[in-house]
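In the two assemblies presented below, chain A is common to both, partnered first by chain B and then by chain C.
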Partner chain A sequence: MNSSPLRLQLDDPPAVYQPGNMLTGQFCLEGVTPADIRAVEVSVLWNTEGKGEQDMSVHYFERIEPQNGDPVDFRQPQRFRTVLPNSPLSYDGLIVKINWLVRVRVFLARGKEIVSEAPFWLGTVPRASEVAP
Partner chain B sequence: MSRFIRLYEKKRGDRRTGSKAFGNLGEALFFGFFFVIGCAAFAFMFWMLLWPEWRANRQFAETTATIEDRTLGVGAASGDSGPTYRPEFRIRYTIDGKTYTQDKVYAVTGIYSDDKQIAQATVDSFQVGQEYPCWYDPINPERVVLVRGYSGWLYLFLLIPLSFIVIGAGGLIYTLLRWNTSAERQAVLTQRAAKLDLFDLDRANREYPTVPADVNVTNSPGTTLAYRLPMVASTGWTLFAVALACVFWNGIIAIFVTMAIRSIARGEPDWFLVVFVTPFVAIGVSLVVYFVREVLVHTGVGPTRLEISAHPLAPGECYDAYLSQAGRLTMNSLEVWLACEEKATYRQGTDTRTETRQVYLERCFVREGFEIHQGLPFESRCQVRVPEQAMHSFRADHNEVRWKLVVKGSVAGWPDYSREFQIVVNPNDGHDQA
Partner chain C sequence: MTAGPLPRAANPFSTRFVRPGAIPYLFPTGLAVDTLLESFPPGARAQIVGPHGSGKSTLLTCLTEALKSAGRTTCRFDLHDGQRNMPPGWVKQACHAGADTIIVDGYEQLSWWNRWRLSRDCRRRTWSLLVTAHADVGLQTLLRVAPTIDDAQAVVARLLAGTEPLVGSDDVAECFAATGGNLRETLFALYDRHERRARGANNATVPSTPPRR
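Then we have the complex of A and B:
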């Protein structure tokens, strides 16, 4: 049922990544004319979720743009790789959650965007539960 | 137009309800307005003040003029400030054989002042029929002045348009940089700017990003163990804040209480006022009780000292902690707790709210039923161990996971007290658990 022309996948993702592990993956874009693609951004980032305002920080970022007017053929798989940092670890708390994910954002003509995300888990912190003060 | 700039978007996970493009356009117009107003005001002041004065001082040529008439010019009244004045002279002078006569001559700016006396004194200082030096514009000899110099304090007014220009230009640049820029790219730019740390204070954060630095914890050596932990809130500031609230609240309430008592003393009791002020008096009394309680706790209990053998802490490791409690107290109990809590900050309307939830609590030490004598603090050691799988300390702009050691005391005949000491827990390497 996934009709997005953007395919993003991590290479043999383990159940859990550990700090210092190499994260690798690839993405490709099908059904879009190369000339319509203005730029593609690949990010490995964490963001928070929960009661508070969202915080976000980007660990790895790459922006791919046509070179000298020549469009990049994104139908061919584009690979990315990065060594994961020591922190923050993924966390499923009560009012603070920390999510790690790979996000690919494609900028098309006329301001349109296509976004695809691949979440993953960094570290082995168990789910939090509330304790009485 | 709606294809390119949508005025409204559906609510999404990131709580955005407005159109990003429309928001950016609004910001650009807002800052653009500031910038244009600033530029226009600066151009006006430049043209009316800076440029004429600079030319009069640097480019005008000197000659001699004869005063034919002198008057005190009166300008239009503006608002409540009354009329304004300036010296005005009719002078005659000759340039290259041609004689010119100019009226209303004095300074190049022609600015009026509300100080009549100074203007009049200036008028009186020139005598009709006498010759005085003057300076004329070589490009247009009809333009002439009797004095040169700069208007000093008037240049301070330039700060107003300049501040508009700086705010407008800064906002415009910020908005344009964000225009059509993804959240990730903006974050990268912000992170790069944050890394321009001239004093390299953020070195520890590079190994463990988002784990708070422990500088405040490790900059105070302990007497028994490696580090003396700092207390989270200074007792002095807490007392000061409570005292301030107490005085402020009760000071206002005292006015109404006095009015109520006087009405009763006159035999004409204002029952509405009495009923109205009663709950406020109750709050005031509660504040006084709370203040007295805090004073008792902070002055009677004596300082609590907590030291730790190493810092930051690593999950799964055991650390020695040293507890010292001074005072002259009959203790029901004294406890040390290791606690972890989540803290989230969010905006609700115009308010910024903070919510905390406790996710870990373990008692590391307890001692019951004992005496602490004056000058002989209670001292003891205990072990502190953060669970192996525990979440590390984490601090972002709006979200936090923080670890702390809490000393709780129950004193016979005194209010219970609690003192918190911040600690930092590093992430578990966890390579053996994958």
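Then we have the complex of A and C:
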């Protein structure tokens, strides 16, 4: 059961996104006092995972600071969209993987934070398979 | 459409789960971080000694956090690949940070001359010095770390909590023995076993479910 007050979803996500595809989605926040929201960050990023050091890069970033501008009602769906790049493509390797995801971080008063992530697949690089010795 | 790989649950032995700081250091019975801090007062110079992959860096990360909580200002330097010198400008960096405690991971890589200079610089500025080394380097020994198979089992149990376990205690015992008690290499070996079994258990090729985050 998902009890997080932050709801993040991609619009009709295909099984696989291709480079150049438009990625769209929305998020909303319920049950949080608007005055407690310091900032909200939306990122579309990739990171690596495996046995080595982690690497990552942000493709799309947007920061909303309600107290520094017009108040935003985060109970209403907030839209985001970006055109996906040519690389790096998602990869499911044995010792390294490349993951793409949308991450929404909500910074609250007193240093609290809520995070939600929506992974997706970019490109059609086949999964690596182990070569028998 | 060419089928893509299926996103799977993350490997619990990936770097992001096993790096120092991601998992807490499991102290031997009767020992706690507070006990170690009491043995490391301001101005002290101390070492944590242990072989490769024994958890020194994890302990150091744990102690660094505890020192910060105790009001100490630390400046940490990680030495790699036979680094014989401290990083250029390290004294300036420590002064700028207002440090009172210098932490060096991989101290044994420094040349004898540079160890002497580091000690001298710390003494002159009344900085504490805390280092890790593979063997005694002549400082007060805070702790000698030597993980046991029980430690390895406990670490793995913690990593596997809440996941579908694809490796068991027999795997841990085998890998721990095969790596000569090197906990880091044990976790890498378990990564490989988990990966092979996850692939064997999941041959679908079209993404359908998101990976665990």
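By our rule, the second predicted complex is superposed on the first by the 126 of 133 C-alpha atoms of A that agree within 3 Å, B and C clash if a C-alpha of one lies under 4 Å from a C-alpha of the other, contacts with A are read in each partner's own complex, and residues count from 1 in each chain.
FYI, contacts are C-beta pairs under 8 Å (C-beta built on N, C-alpha and C of every residue); 3 or more make two chains touch, one makes a residue touch a chain.
Just so we're clear, the structure is a prediction, and the values are computed from it rather than from any experiment.
Of the two partner chains, chain B is the only one that A:Ser43 touches; chain C does not reach it. After overlaying the two complexes on the shared chain, residue contacts for A:Glu130 are found with chain B and with chain C alike.
Look at A:Leu101: by the touch rule set out above, it reaches chain C but stays clear of chain B. Of the two partner chains, chain B is the only one that A:Pro88 touches; chain C does not reach it. By the touch criterion defined above, A:Arg110 reaches chain B but does not reach chain C.
In the superposed pair of complexes, A:Phe27 makes contact with neither chain B nor chain C. Looking at the superposed arrangement, the partner reaching more residues of chain A, out of chain B and chain C, is B.
Judged by the touch definition given at the top, the superposed model places A:Val16 against both chain B and chain C. In the superposition on chain A, A:Phe74 contacts neither chain B nor chain C. Residue contacts after overlaying the shared chain place A:Pro119 against chain C, while chain B stays out of touching range.
Taken together, the two complexes place residues 16, 49-54, 91, 94, 123-126, 129-130 of chain A in contact with chain B and also with chain C. Residues 3-4, 13-15, 21, 180, 182-185, 187-188, 191, 207-211, 342-347, 355, 357-361, 389-392, 394, 396-401, 426-431, 433-434 of chain B are the ones touching chain A in the complex. Within the complex formed with chain C, the residues of chain A that make contact are 15-16, 49-54, 90-92, 94, 99, 101, 117-121, 123-127, 129-130. Those residues of chain A that touch chain B in the complex are listed here as 14, 16, 18-20, 41, 43, 45, 48-58, 61, 63, 85-89, 91, 93-96, 98, 103, 105, 107, 110-111, 113, 123-126, 128-133.
Taken in their complex, chain C has these residues touching chain A: 1-8, 10-11, 14-16, 188, 191-192, 195-196, 199, 205-208, 210-211, 213.
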